[in-house]
Amino acid sequence: MTGRGVGTGGAAGDTAQSPVTVTHHRVGYADTDQMGRAHHARYLVWCEVGRTEYMRSRGRSYRSIEADGILLPVARVEIDFRAPLGYDGRVRVETRVLRFRSRMITFSHGMTVAEGTGEGLLAAVARTTVVATDRDGRARTLPDSLREALLTDPRDSA
Amino acid sequence: MTGRGVGTGGAAGDTAQSPVTVTHHRVGYADTDQMGRAHHARYLVWCEVGRTEYMRSRGRSYRSIEADGILLPVARVEIDFRAPLGYDGRVRVETRVLRFRSRMITFSHGMTVAEGTGEGLLAAVARTTVVATDRDGRARTLPDSLREALLTDPRDSA
Amino acid sequence: MTGRGVGTGGAAGDTAQSPVTVTHHRVGYADTDQMGRAHHARYLVWCEVGRTEYMRSRGRSYRSIEADGILLPVARVEIDFRAPLGYDGRVRVETRVLRFRSRMITFSHGMTVAEGTGEGLLAAVARTTVVATDRDGRARTLPDSLREALLTDPRDSA
Amino acid sequence: MTGRGVGTGGAAGDTAQSPVTVTHHRVGYADTDQMGRAHHARYLVWCEVGRTEYMRSRGRSYRSIEADGILLPVARVEIDFRAPLGYDGRVRVETRVLRFRSRMITFSHGMTVAEGTGEGLLAAVARTTVVATDRDGRARTLPDSLREALLTDPRDSA
């Protein structure tokens, strides 16, 4: 579920390197629309699962982050759809951290066809940004411990 | 949006007569699946909107009921699908109260094709039951004032 | 993913015994509503995945059944919600065939908390019925080969 | 439902001026997540309804465009979320055409709080791009008649 990826870093605050978390989804009937492909809004949910599993893989479940009083609502989403994902196909989502700033985290998500015809084909690329707030919606600063946890590949500590 | 309907009452606690609230929905692309019709799970959301607007029409928005500390989670759902609803079609939902007990309310929902080919055709019938709980999930008794509000057609008071 | 279950059979056409397929889902943020639990409409999607994986486990993917010209739209749904499923919880869905008639199949679905507090607790029970039609919505008879495939546990043939 | 808006035009192919279509949505329970606000993926569906109603308002329903053999799958989505939309709130969506090229159309969507506290507050801005394909996914050129229909405010012809 976890590997090493190369970010697009350079500017201060960008992550030169981030671990990668891989998640998979099967395109179910409920995910399709009458074009017979996964509806585009569904990809946002796959990105969300990618972020959640990315955090869990680093030992900081989003549930525990919320329990600590930090919410991470989505502030921005950008998706390019490249190839359709048909019914019953499987999609592989690679999630990594692209930028970690004091009050926001930007994730990148690469989605590829994971099975059958077109395996390996790029289906979509996305960037999603979450911002840190408290329960009342006021901006919060992300703790250093979270930064460290999210940017460290647990395999490095072996 | 509001009319008078006849329930199926008889047993104690059943409502011999309940007002009716009518809501409409357009079947959007996101609602369809690859059969080119509204996905069956979507009907539950239309029933939910029906219950919400039923309460609002009686002067008791669900939001205000929750603000008073009463939650109404869904305890049971039963739907019979009779005729498919195609993309871009319109559905008309008639919601009424079928039973009002001390701790639960059962709604009935009749869904018909509202436009175009097949207008008036029965698309689905549903019954949904909500139970009263507090924020911690403990059973609550529904206040008499709510019973009175939900079973009174505001046009009667004119 | 596959085990043996005991049906509720008796009447002709009922399945005295059906294999069981087990699927799991994590309750994501998109699945929750403001009560902080999985929204009730989401359970229908889990049942749908259960039916799909049940068929796949028996060697007849729903995709291949559709390719043979048989569609299986949902005709009836019945769900009892017993215990809420909180955010980030895992649910285990046991799907079996309850009845296999010439033109319809009824599945039963038992959903339990799969992890953490309340593990093993019954979250919901459902019955879903699909009917066989052709692409134009006309009733079709289900082929015997499908009946045989769906009611045979592949482990029996070992 | 229809007004006049000012685009951001300039470059060839950009629309100096596009009509505007306004749609409204009530944030239902199914739209919320456990933060008690509309889930971010839901906004994409509101944009989709915006595009659909924009086309219908210009006399070219998307259904009729599909019937003519032109599909308009979503190729790109960009959304900035500015202010949360709470349960039972109403959102107003202003949709206009930002760019009309030979094979793609970019829409802009401005979403504002439509009722109650914060009325008029900007909730989100989005750009969505659809591309023209045939049923087999091959690129198509958009007919001039469609361009003319979509960029003409019907009130102008009065």
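Just so it is clear, A, B, C and D label the chains in written order, and each chain counts residues from 1 on its own.
Here is the rule we use: contacts are C-beta pairs under 8 Å (C-beta built on N, C-alpha and C of every residue); 3 or more make two chains touch, one makes a residue touch a chain.
Since the model is a prediction, treat every value here as computed from it, not as a measurement.
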Most distant chain from chain C, judged by the mean position of its C-alpha atoms: D
Chain pair, B-C or A-B, that carries the greater number of C-beta contacts: B-C
Approximate Å spacing (C-alpha centroids) for the pair chain A, chain C: 30
Averaged-CA centre spacing for the pair chain C and chain B, given as whole angstrom: 26
Where chain A and chain B are represented by their mean Cα positions, the distance between them in whole Å: 37
Multi-partner residues of chain B (each touching 2 or more other chains): 29-30, 35, 37, 41, 44-45, 48, 87
Partner chain C, residues of chain D touching it in the complex: 29-30, 32-37, 39, 41, 87
Chain B to chain C touching residues, read off their complex: 35, 37, 40-42, 44-45, 48, 71, 73-81, 84, 137
Residue ranges of chain A in contact with chain C within the complex: 26, 28-30, 44-45, 48-49, 52, 61-63, 87-88
